[in-house]
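What follows is a pair of complexes built around chain A, which joins chain B in one and chain C in the other.
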Partner chain A sequence: MFILKYIKEVYSGLKSLVVGLRRTLYYFSHHKEIITQQYPDNRDTLVFPDRFKGEVVMVHDDKNEHACTGCTACELACPNATIKIITKFDITPEGKKKKAIDKFVYHLELCTMCNLCVVACPTDAIKMAQTFEHSVYNRAELTKILNKPDSKIRDGVE
Partner chain B sequence: MWSFSKISKLIDSWLSVNFSSTWTMVIEMVIAGIAVITLFALLGLVLVLMERRVAAWIQIRLGPNRVGPGGMLQSLADTLKLLVKEGMTPDGADKFLFNLAPFIAMIVAMLLMAPIAFASDFQLWDLNIGVLYVTAISSLMVISILMAGWASNNKYSLMGAMRSGAQIVSYELSAGLSIMSIVVLSGSLNLNEIIQSQADGWWLFKGHIPVVIAFIIFIIAVTAETNRAPFDLAEAESELTAGFHTEYSGMKFALFFLAEYINVFIVCAIGATLFLGGWMPFHIGHWQAFNHVMDFIPSSIWFFGKTFFLIFLIMWFRWTFPRLRIDQLLDLEWKYLLPISMFNILLITLMAILGWHF
Partner chain C sequence: MVEEIGSTADGNIILNVGPQHPATHGVLHLVITINGETIQKVEPHLGYIHRSIEKMCESLTYRQFIYVTSRMDYLSSHINNHACALCVEKGLQIEVPLRAQVIRVLMDELTRIASHELWWGAMAMDLGAFTPFFHAFREREAINDIMEETCGARLTMNYMVPGGVMQDIHPNFQKRVKEFIALFKSKVSEYNELVTGNIIFQNRMKGVGNLSAADAISFGCTGPTARGSGVSCDIRKLYPYEIYDTINFEEILETEGDSFARYMVRVREMSQSISIIEQLIDNIPEGDFQAKTKAVLKLPKGEFYQRVETARGDFGVYIVSEGGTTPYRIKFRSPGFSNLSALDHMARGSKLGDLVAMMGTLDLVIPDIDR
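And then the complex of A and B:
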């Protein structure tokens, strides 16, 4: 019957409105749920969400070794040419030539933090850091070399 | 005990001793005008801050917290900014109507303030057709909006104004019908007599389910009439930049902004008067002791408490529901609210005739 259908419609409409109102009233009355951080005041105690991405860094262990083989997968994956890898050839103890990175150049000013390079890396050499205070006075300072001076590729990483 | 009515009587007797009756009248009118303007300014400051706080807490944010202690002076700072801004009039606009529109919005809001009883025996104008007056004057609001939209010579403004016209004209009906249901129950158009009829319990509790339905319809209809979300199609900032006040800036914009909040206050005051007993304390039937304890709380606190509760309700709606489309808006009115409120008023009339309410 159409009058029953009408009443049912009104009832379900009102019910759905009440569901929304209850959710917002919950947030209104539960101030501990507030996620705002008063940034400059709490610089020391900032809490970052897990997925926050600030810049690309290369992971170095305490022996100043990294896992980058210089395969340029990240360079190919980058949509706006943020990464440029300059390779060189190392001589292995057996006298063979082996490709290794000379400079891992990273242009922070071009980076959109899309995370594609980190996904593309086969050896997990790079990752996203959670730093965000990137302002500098000179644009050239934004072009960074990610591998530390005199760092070597870790043994066993191919 | 300290009360508004005593202060007004004191001023009245002092004036009538010192001046002739004509001058007493004139001075009292000036005082009333100044009091209304002061109330407007205060309400504007308080309601804007309240709106931003409610919005922030509902959206899990903090809200204004930098200007003054706990952000209390934020709206004052905003007002100062608007005061020193240039009030531009666009080249192609109809200059006279463009500049007149914000003042009409304010005048309508001021006129609506007249019959509202703020406390017991404290009213600007004890009008025997108070309810009729309020419904008549509140429909004038649409004129200022249409005027602003038409005179701006801007397609967004005109579209906003047209939407607002369609909206206010249609929602006036169900708001009027739900107001009428209380008039049927109390048997009077005088706001003071309506309040007096609720001395043994507010209509919302005395009138069973039909009055609760009328109250819900009233709240929905006045939210639409004051152009607030989810019915803010006249402004619709995501579609029409700002609707009818796109071209306004500075103090002229502030007048529209203020008029919106004053209108919200007024419709909530009317709602509180009709359904929640205005300044009448919370009384339950004939429990003398309980009623006596409730009488100790001053009537002005009851009035403002109820009004601000309803204002919170309307703000709560605004920050919960998404905006309706124009056809959904008219569907809601003509297919749901109007038939339901028509059926409802029949029920209430039956109830009033047979004396089924408490």
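And then the complex of A and C:
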């Protein structure tokens, strides 16, 4: 009786190994089911979803105008002090002083892509970009100024 | 504190596993006392990845601190964020719209599947089988793609905010989830063919790492670790949050209490999560995805506690508020820490080679233990 049980166990054990190996052989002969992406080679064809959180950018239109009023809502919403807004005072044609951004400093090295600044922005001036290859040789390059040179606030944005 | 090197007076050898060891899945340091091949004592040393998250949270507002919890149990980051959001909502007494609740539960269950998939692959890899790891990641990749499309990130989503979810679901969400369900169902038989039925796997798992129901309770084990010993501890059933009390699902229980029972609990839980998703995916109600909240959240003075069921067990958030914009004190109850404490009890008297199998079935995520 003992020997019979032993042989039975050996047989079922071998069978389970063959069943598993069959799966391996199946994929060995079915190349089309392999979904591996050859990453650096397919860089040109990579498509990212619109919501992918890569880095914060400021939206500029064709006339080099943005919608940032310098209200610092994003600065307050950020958990890591990633954003620092330096404001200046512009003189309007009527002779009044008006607050505007001088520099929108963004520290990519501190950013955790939590999206809280984009949600907090009342004028949709910033958004998340789909870039993801952020490596640089010098750490200072990660500190970015998001408003483009000579850009100004779009008319009508308060 | 024991000696970390050498041998003890009675001829036992002290062996270090980790902190840099592939089988510990992170920087876990185990000081093991062995007599020949037999384990006498296992002593985990923690602190290698301590980031003082609880202290950090004290300087962050109630909107900001949620993202930090994604960095604890990074495999169930959605569920961690969910617990924090629920706790803040409890304090503010915000009514979350039904649509947001359904989206949250869907995301939770997708996360649970993704977490168990990764565990399944890593578990088999611990025992020397490398192929299952890739098979598990193939299905997990499908979930990650869904997450990427709706939440914008693959691992640390920060999608749950107090009052609901950050953005509405992507228009493709329902279609993609249905595709995933079909994919998962066609592939789940592979899991049993490759690993569950395998004779080598069964011999290494059955009767190894026994944990009785009484011990599981006394060590504070929760989640699949305790359910493998027959302890009913599913927070979704016992203390239902969101819409879990209206969903039809069963709590998976195995009574053997060995490594194989814990393995089976997790494998069966994946199918259970799929059935929850199937019930909800066509019934996402219309409405707001976020309740109207004030710009600055201030919790009233008091103490608030909320527990949820993550992929590893009972995760609790305890907030003490002084009435300000930042919490006075935050405590996280992480399931991994309690589950790890049972390892010494499980491993005593068994062979050194089985330790990796036991550790695998505990499903340890070290940043969750250390915080």
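Note that the second predicted complex is superposed on the first by the 120 of 158 C-alpha atoms of A that agree within 3 Å, B and C clash if a C-alpha of one lies under 4 Å from a C-alpha of the other, contacts with A are read in each partner's own complex, and residues count from 1 in each chain.
What we mean here is this: a contact is a pair of C-beta atoms (placed from the backbone, for glycine too) under 8 Å apart; a residue touches a chain by one contact, two chains touch by 3 or more.
What you see is a predicted model; the values in this text were computed from it and never measured.
Trainee: Is chain A touched at more residues by chain B or by chain C?
Mentor: Partner with more touched residues of chain A: C.
Trainee: Is A:Ala129 touching the first partner chain B, the second partner chain C, both, or neither of them?
Mentor: Neither partner.
Trainee: Touch check for A:Leu25: first (chain B), second (chain C), both, or neither?
Mentor: After superposition on chain A, A:Leu25 lies in contact with chain B alone.
Trainee: Applying the touch criterion given at the start, work out whether A:Leu142 contacts chain B, chain C, both or neither, answering first, second, both or neither.
Mentor: neither
Trainee: Touching A:Val105 in the superposition: chain B (first), chain C (second), both, neither?
Mentor: neither
Trainee: Going by the contact rule set out at the top, does A:Ile35 touch chain B (first), chain C (second), both, or neither?
Mentor: In the superposition, A:Ile35 contacts both chain B and chain C.
Trainee: Where does A:Asn115 make contact in the superposed view: on chain B (first), on chain C (second), on both, or on neither?
Mentor: In the superposition, A:Asn115 touches chain C alone.
Trainee: With both complexes superposed on chain A, which partner does A:Val157 reach: first (chain B), second (chain C), both or neither?
Mentor: After superposition on chain A, A:Val157 lies in contact with neither partner.
Trainee: Given the touch rule stated above, what does A:Leu17 touch, chain B (first), chain C (second), both, or neither?
Mentor: both
Trainee: Classify the contacts of A:Val57 with the two partner chains as first (chain B alone), second (chain C alone), both, or neither.
Mentor: neither
Trainee: Please report the chain A residues shared by its interface with chain B and its interface with chain C.
Mentor: In the superposed arrangement, which is not itself an observed complex, chain A uses residues 17, 20, 23-24, 35 for both chain B and chain C.
Trainee: Once bound in the complex, which stretches of chain A touch chain B?
Mentor: Residue list for chain A touching chain B: 10, 17, 20-21, 23-25, 27-28, 31, 33-36, 38.
Trainee: Within the complex, which stretch of chain C touches chain A?
Mentor: 60, 63-65, 67-68, 131, 138, 141, 148-153, 156, 158, 161, 166-167, 170, 190, 193-195, 197-200
Trainee: Spell out the part of chain B that touches chain A in their complex, as residue ranges.
Mentor: Per the stated touch rule, the residues are 54, 57-62, 65, 316-317, 319-321, 336, 340.
Trainee: Flag every residue of chain A that touches chain C in the complex, lowest number first.
Mentor: 12-14, 16-17, 19-20, 22-24, 35, 48-49, 51-53, 77-79, 112-116, 119, 128
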